[in-house]
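First the structure, in the form of structure tokens, and then the observations on it.
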Amino acid sequence: MEPILTIRDLTKSFGTHKVLQGVALDVHAGDVVSLIGASGSGKTTLLRCVDLLEQFDAGEIRLDGELMGYRLKDGRRLRLSGRELARQRSRMGMVFQSYNLFPHLTALRNVMLGLTKVRRLPASEARGIAEYWLDRVGLANRRDYYPSAISGGQQQRVAIARALAMEPRLLLLDEVTSALDPELVQEVLLTIRSLAEAGTTMLIVTHEMRFARQVSTRTVFMDHGAIVEEGDPAIILGKPNSRRLREFLSSMSN
Amino acid sequence: MQSFLDVLALSSDQLLHGLTITVVVSGVAVAAGIVLGALFGLALTYGSAVLAFPVRVIVDVVRGTPVLVLILACFYMPAGIGLSPGPLTAGALALTVFCASHIGETLRGALLAIPLAQTDAASAIGLTFAQTLGYVLVPQAIRQIAPNLVNTAVEIVKASSLLSAIGVGELLLTTQEIIGRSFKTMEFYALAGGIYLAINLLIATGGSWLERRYRLR
Amino acid sequence: MGYALDFAAVLRGLDQLLWGLALGLIMGLAGLAVGSAIGIVAALAHVFGPQPARTVVRLYVGLIRNVPILVLALFAFFALPQFGIQFSNITTFAAVLAVYAGAYLTESFRAAMITVPQGILDAGRSIGLTGSGVALWVVLPIALRNALPSVGNNFISLFKDTSIAAVIAVPELTFQARKINNESFRVIEVWLTASFLYVGTCALIALTLRRLEARFPKF
């Protein structure tokens, strides 16, 4: 079966600092890939490159075989137009560490915006879909609340609903529990777990090792912009091969 | 019919004189306004009620009144008590009070924005209030209000054009006199606009140079 | 001293003063409405537009903010008829006020736009909005609300600037006050009254704005 996402030789620098050095990764339908590693290892940058929020210097990203972000002309890479990039982004969902809900819109309107303005659905249909997804994340009763009036955990679940309502091929989650108070982490993790059980394809950057082990079908460990180890979470988190992963895991358990 | 350049050549001395008055009256108003405004700001922030209240009234009334009304009031009102200050003095006074009120209010905001811990720290090392003010609070406040000072100076230069309404022979009135003789209306208004623009850009450039020079930002 | 306050002449002219005040408010509101439209478009062009658009906006703002409004008004007064535009003094001044306010409001809206956090923009892009979609559906509504205090302050300044219309014989408050001044020589009473009317109106506007701001949440 063809993977949904293929990444090959992905390279990116900020100035002289190499953030990504030849990353290669496949994500198949139904995969839940957890991306772990110390801060500054390039996980978030990788995710943002996949969602085309960052440009990359070399290599390629394909979604369902389609080249993302660039087209090739006479062997040269040309950045796609804003409209093309927007179309490609709409096929992936992204959930951010700091929720990033639209502050001027209610929970329902947050979820509806992409449906009405990107997919151009009529408002009534968009409302139905938005209500369905808010219900899925357990927030049917918070639909008319503004982001500032609900908890961080609830905001993050609205953000998940907002991403899912666009029916993305792939859901990208960037440290979605890192900004939450400890007592609010669980509700968000439970939501993600239920999505995993429903077969949603996800690429998850996380610091929650236990969660990574329980939910993901595969774990990828990154260090200094490169993938060092990957495999079944129970195996690589239980018996890490590399010294760097052992060091990372022991620093996390402290 | 004379060309614009002919008229300009003939009236350049007159124009220069008007420009000088604009620059001098604005300069005086800004300089005096800074001194008076500093006093206003200190009175508003640290003054007793007896001192702060009248200053508050002055500052609020001046800030709520259009500059042109201030100018006309300074020009006409003294006659009521038998004084006749003349347009230039009245105009300079109006601009000074206008400038001082804005600076006073800005300074108060800046002083209040400095954390109390700064005052505590100053007392802890044994500074008197006056020393605290001079060495700790005012230097920090100046950094805060530096961009505001530049804006206020620009506003004063622009407001000085209103002195033409009471017969001060500054740049705009001079321009109008030249237009009255030559009928080169749009050309000379455009020229006057250009000169004001140049003065204000000079102020802005000078202001940001000073800010960089003294690392205010 | 020997000056006894006597408000009789001013009171006789109170009708004119109040009509003058109303005219000032109307010109101010017209200037604010048209100026806001200019400001929003120019701010969008500056924040989201291509380089030439940014340059045009920067020139417009830099020019208008550094030239006295009276010079702009006098220029327009003589320039507009050259283009076949015959406006009354009132309309001419209101038009100048709009262009003048537009420059200041451009800065207000621009400041409100560029302070929308990058994460919110990323969120807009990640659901597939184009650049103009993000500008229109995400940045603009947030900026409009957050610019409200600054727009309010601009309106107060604008209302005070309407006094300058007196110089081109628009019969607003300052013009009427000067007329009463010249006819009655009640020099102290008339300017006290004019100043009181301006200060009172500005305070009322400020109060109304604060209520309005309190009603809408800031983002």
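Labels A, B and C are assigned to the chains in the order they are written; within every chain, residues are numbered from 1.
We adopt the following convention: a residue touches a chain if its C-beta (ideal position, glycine included) is under 8 Å from a C-beta of that chain, and two chains touch if they have at least 3 such contacts.
Just so you know, these numbers come straight off a predicted model, no measurement behind them.
A.B. asks: What's the farthest chain from chain C if centres are computed as the mean of the Cα atoms?
C.D. replies: Centre of mass proxy via C-alpha means gives A as farthest from chain C.
A.B. asks: Most contacts: which chain pair?
C.D. replies: B-C
A.B. asks: Distance-wise, how many Å sit between the C-alpha centres of chain A and chain C, to the nearest whole number?
C.D. replies: Going by mean C-alpha positions, chain A sits 46 Å from chain C.
A.B. asks: Express in whole angstrom the distance between the two chain centres, defined as the mean CA positions of chain A and chain B.
C.D. replies: Centre-to-centre distance between chain A and chain B: 55 Å.
A.B. asks: Centroid of chain B to centroid of chain C, CA atoms only: how many Å?
C.D. replies: Spacing between the chain centres: roughly 21 Å.
A.B. asks: Over in the complex, which chain C residues touch chain A? Could you list them?
C.D. replies: Per the touch definition, chain C meets chain A at residues 117, 119-120, 122-131, 133, 137-138, 141-142, 145, 217, 219.
A.B. asks: How about chain A: which of its residues touch chain C in the complex?
C.D. replies: Those in contact with chain C are residues 51-53, 82-83, 86-87, 89-94, 96, 98, 100-104, 113-114, 117-118, 146, 148, 159, 162-163, 166.
A.B. asks: Going by the contact rule set out above, which residues of chain C touch chain B in the complex?
C.D. replies: 1-3, 62-63, 65-72, 74-75, 78-79, 82, 160-164, 166-167, 174, 177-178, 181, 185, 187-188, 190-191, 194-195, 198-200, 202-203
A.B. asks: Taking the complex as given, what residues does chain B use to touch chain C?
C.D. replies: 60-61, 64-69, 72-73, 76-77, 79-82, 154, 157-159, 161-162, 164-165, 172, 176, 185-186, 189-190, 192-193, 196-197, 200-201, 204
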